[in-house]
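You will see two complexes here that share chain A, one where it goes with chain B and one where it goes with chain C.
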Partner chain A sequence: MNQEALLRVEKLNAFFKKEDGKIQALKDVSFQVNKGELLAIVGESGCGKSLTSLSIMGLTAKSCQVEAEYIDFQGENLLKISPARLRQLRGKELAMIFQEPLTSLNPLFTIGFQLTETICLHNPVNKKQAREIAVETLKKVEIPRPERILSEYPNALSGGMRQRVMIAMALVNKPSLLIADEPTTALDVTIQAQILFLMKHLMREYHTSIMFITHDLGVVAEMADRVMVMYAGQIVEEANVYDLFSRPLHPYTQGLMNSTIKIDQTDDLLATIPGTVPSLADMPEGCRFHPRCPLAKDECRRICPDLVETEPGRKVRCLQRGGEGSIRFRGSECPENMDKGGNDNG
Partner chain B sequence: MAEEYLLEIRHLDKFFTVKGGGPWKKPEILRAVSDVSFCLKEGETLGIVGESGCGKSTLGNTIIRLLEPTSGEILFQGKDLAKMKKRELAKYRPDMQMIFQDPYSSLNPRMRVFDIIAEPLRTHHVLAGEDLRKRVLELMTVVGLDVSYASRYPHEFSGGQRQRIGIARALALRPKLIICDEPVSALDVSIQAQILNLLRQLQEKFHLTYIFIAHGLPSVRHISSKIAVMYLGKMVEMTSRDQLFAAPMHPYTLGLFEAIPIPDPSFRKPEEDREILQGDIPNALHPPSGCYFHPRCPYAREECRTREPVLEEKQPGHFVACHYPISIKESDKKA
Partner chain C sequence: MGKYLIKRILQMIPVMIIITMIIFVLLNVAGDPTVNLLPLDATEAEREELRTAMGLNRPLPIQYLDFLGNAVKGDFGNSYRFNEPALDLALARMPMSVQLAGAALLFAVAMAIPLGILSAQFANSPFDLVISGISVLGRAMPSFWVGIMLILLFAVNFRMFPVSGSGTASHLVLPALTLSIQNAAQIIPLIRSNMLSIMHEDYIRTARSKGLREWSIICIHAFKNALVPVVTIIALEIPGLIGGALITETVFAWPGLGQFLIQAIGNRDMSVVQVCIFLIALITLVANLIADIVYCLIDPRIRYE
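Right, the complex of A and B next:
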């Protein structure tokens, strides 16, 4: 990759301790976020997308054990640096927005207090200056009457307004990386459109890279530059957003896309992925997707596939697609849309 | 006439009294559902869409009288449910069932799956003993649950499977009408599709009529034959599905369409071309004057601020509550 990496994660593993041993929730997650890019992480509940972001931020629960070769953020290994240094980075260089804006704001303090706290912690300013910066930032996130909002408590604001405050709080110190964990899932669709628009706009203005976690493929298509698809604690596919949508390689990605209801699709039954996501305690042998996979063969039940780069910037974890897969690509069991993809490939 | 319709709602209102801040403050009236009317034929599906707080769930609950209507008529097969006494109503209850949004809180965690599905049959003394067992297992098969799970508890199931249990329970009494209150919004994408397919298959098989309440337009479009759009307790637009998507007439409907993220990056529009609805949904306790939508409406004029529009049939079968509905030409241009 010729782009400059901001964050590089290598072989991230996470375990939860249970009475009867450990449960692995993330397995060998490696990726990078480049400067100025929006990387979307997609997957269904329990696939490990949130845990990945919490591991980077060092915010995992005590019962969770995080291991990695390195989590390199602007030349520093986040796993090795002191807690004091990590605190310095968090809120300043690394910021995070959570799904539920009501629970991530403290109901006992005013918006102004919570916002100026973040400013004062990381900048050599007095209270009055901090307040000015706060008003300025609230204006940036298009909050009407920012001076009044500063003295309000979170319960006085609507969900969309709270999320704007959260975004203001995350961006006030101009972070280089913003991790947004399902920032619009709890919002109504017209409000979601406003927030997404705002995030894109601010990303450009502040030159911030965003790691955007979501389960909504529509949001991914609107927002992302690059996409990483996760399934059962592993990355299964990684690609540029246009490639991913025009030619998904992993059967899981294909399944997700087919079962997403298109707005112009009406009468026929929807394509579905049979079965459900396996539980972490009871992972299938071999490829983790094989029990639900329409293309599964014998080898899939035995061999756990690696994440293989099939072409520059594209990776896939599938025996039927990756590596020598391009030959099998035109196999009879391939769905129609894949045949087209295969020809493009060859 | 009335016989033709399975369900006919006329001017239904549901108001809540909200206590003010202090003991001296006057209670205020929240108009959660106001003046809603529609008809539904057997085998049809009415989709009700709208954002949070628009009254769509309250409407669903009021129709089957989980909530007492404030005024209006609910004609089910020509009989007015709104005025019925509890005992008389009980006779009609088996014909109307509900599927809830949250498959976690809508199943009793202390009951086994078998008992959950059997409960309506027992309550209404329909079946007992071996017949009951047979019927429950049959229902489990119909919704795609393994009959060997009958003695398990809800917590042992995933969200999608729990929703199947809820559907089996709703089907137990062979209802005519099922109100589905956001049945898929708590589920993962791949599971949503499974449940929507199941609902469609069941509709064909048992000739069911659905009221499908959701905030996700794509799922509503997929399953509905007719769609009603609600905003702050009122219906702002109602027509057949195809008509609504081909030529929406209310500016709010158009705003909703614009806001849906399209799962295809090649449709990405440059930011300046997107018409995003500005502003927040107003507080339902103090709705704006005139047309409730006017503060957010890009086409609002003076009249909208003062006079409240009523739901009118502007084109055959196309009902809109707007003084200046978008003409067909204009919406074509936008689409």
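Right, the complex of A and C next:
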């Protein structure tokens, strides 16, 4: 794999202004996306994964304040460049796909209008050429009868078709980086598999790097080269996909993996991580995961651990180093099942 | 769509019949037209004679059916006062009313759309507060007062426009402006609140992620979405502007349908009142039909079966 960085993010912090002060939603998020790589960002709802991607795109809400040492994209600091330059990059070099394909397409404009708009904006082409490019791209995302689809409105298409259109719209200008924010969450499973396959295929064809945001570990295993696990606005673990699945270090990652249903599971009870993600306004002292962590010791309640590189390409934010991968999470209501549930990753 | 249109037009017929019934009954309750038609010292026998001649002493249902039968043929009877066909008299006033209403709507939309968009864009800024204040004021001010103030300012002080009357384009400006202020004041907050909620929609974020300029996002992607409720308001306002602008028409001596209707009511000129109200009802129905068609053109999700 080519290790040349395409996007480097250093100490990204995001705050929401509220009447009674600021709430920090992202804390010192640093990572990089390499050329030709698919980086997956995993975490529960509200852990900051979408906010990270919106911060990179400069698409956060007005009430959100984004700070970072730099967000370096192909040698340009996205936080320092002019709004005009950022607009040039968006849609051309930096593209994004969103979770809900129905609401992400404008209901009152045809697919053709919405697609050719992006093409004409970033390329010196006329309407007719733009239409040809649009048809070509729709063929690439395997949409049948693309000429007809161009004159359709989004509500005439199925969910899977709409997401294909979104992908076509994002990839039409052959971007270097595609940010996909839970692109398959709103789709049913068979369509999901098709869309994932399509993205992977187009990624190779267009030499695009992808930052893939999801909460679905199955999708991560399927898609990712490298994985970043986020919890409560922080990165808690980063590793390549094989290492992460064979030996998750952070107790949270281990908990996530234990929470997925395995096909050979004989147990009726689904393992869970006890407790909930802490509210941004009320973060615990010390390690943010300690109230839910079976390994938590006194020091975890006091000291906020750093993200430490334990071996090349592998980082974890845990004072206990996840007990070197030995914790077991259990179904929270059924203590007698302790040793049956969730020891696959131990 | 064609089928739907035919259905809608057919549906208008029973509505119009019910409207004529209501008009007919109300006017018969309103009083005896012979009181105004004959001199004050006319005897009861003379009145009775006139009533017989006009067919007013027949039973009400017969009178109504007679009226309806003639109305279908386009004959609404003669004006008691002018002794000419009432329909022709009312239709002669229509062009003036349509002219005034058209100009007023044009002014209103031309003011309201940019102001509504700008106040949404700069929501809660001093500009927005001023515009919101003005639109509250615009709705609160009665049109006769606005009309008089405009006359004082632009006709008397600055001598830019004539005080009243009709005939040239400059006669049209002040009455149209008077009517448009109230309409604009209704449309501005509507556009503002629509735009504010639309700017948080996912498809606006998509448009931004494509690298579009903020203003083209506002004017193309957001504005079209804000338009449907505005069309509703405009459709509701049209009949009021054409037939119901009587106060403004009176202030500016504008010979429109509204003024004509008021005079006819004063004279108990029944056939004229009937035909005026009939026309206004028809305009209301047609305006609603047009609004429904425009919805379809704006929003492909709206489809009629």
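Keep in mind that, in the parts below, the second predicted complex is superposed on the first by the 318 of 346 C-alpha atoms of A that agree within 3 Å, B and C clash if a C-alpha of one lies under 4 Å from a C-alpha of the other, contacts with A are read in each partner's own complex, and residues count from 1 in each chain.
Keep in mind that, in the parts below, a residue touches a chain if its C-beta (ideal position, glycine included) is under 8 Å from a C-beta of that chain, and two chains touch if they have at least 3 such contacts.
For clarity, every value in this text was computed on a predicted model and none was experimentally measured.
Visitor: Classify the contacts of A:36 with the two partner chains as first (chain B alone), second (chain C alone), both, or neither.
Guide: neither
Visitor: Which partner chains sit in contact with A:278 here, chain B, chain C, both or neither? Use first/second/both/neither.
Guide: After superposition on chain A, A:278 lies in contact with neither partner.
Visitor: Looking at the overlay, what does A:45 touch: chain B (first), chain C (second), both, or neither?
Guide: First partner only, chain B.
Visitor: According to the stated criteria, A:262 is in contact with first (chain B), second (chain C), both, or neither; which is it?
Guide: First partner only.
Visitor: Considering only the touch criterion stated at the top, classify A:291 as touching first (chain B), second (chain C), both, or neither.
Guide: Touch status of A:291: no partner.
Visitor: Once the two complexes are aligned on chain A, which partner has more residues of chain A within touching range, chain B or chain C?
Guide: The partner that reaches more residues of chain A in the superposed model: B.
Visitor: Which chain A residues come up in both lists, the one for chain B and the one for chain C?
Guide: none
Visitor: Along chain A, where are the residues that touch chain C in the complex?
Guide: 57, 59, 87-92, 95-96, 98, 100, 103-109, 117-118, 121-122, 153, 155-156, 166, 169-170
Visitor: Tell me, which parts of chain C touch chain A in their complex?
Guide: 201-203, 205-213, 221, 224-225, 298-301
Visitor: Quick check on the complex: what are the chain B residues that touch chain A?
Guide: 51-52, 158, 160-161, 188-194, 196-197, 200-201, 215-219, 221-222, 241-242, 245, 255-256, 258-268, 271, 274, 276-278, 280-281
Visitor: Can you list the chain A residues touching chain B in their complex?
Guide: 44-45, 158-161, 188-194, 196-197, 200-201, 215-222, 224, 241-242, 245-246, 255-257, 259-263, 265-266, 269-273, 276-277
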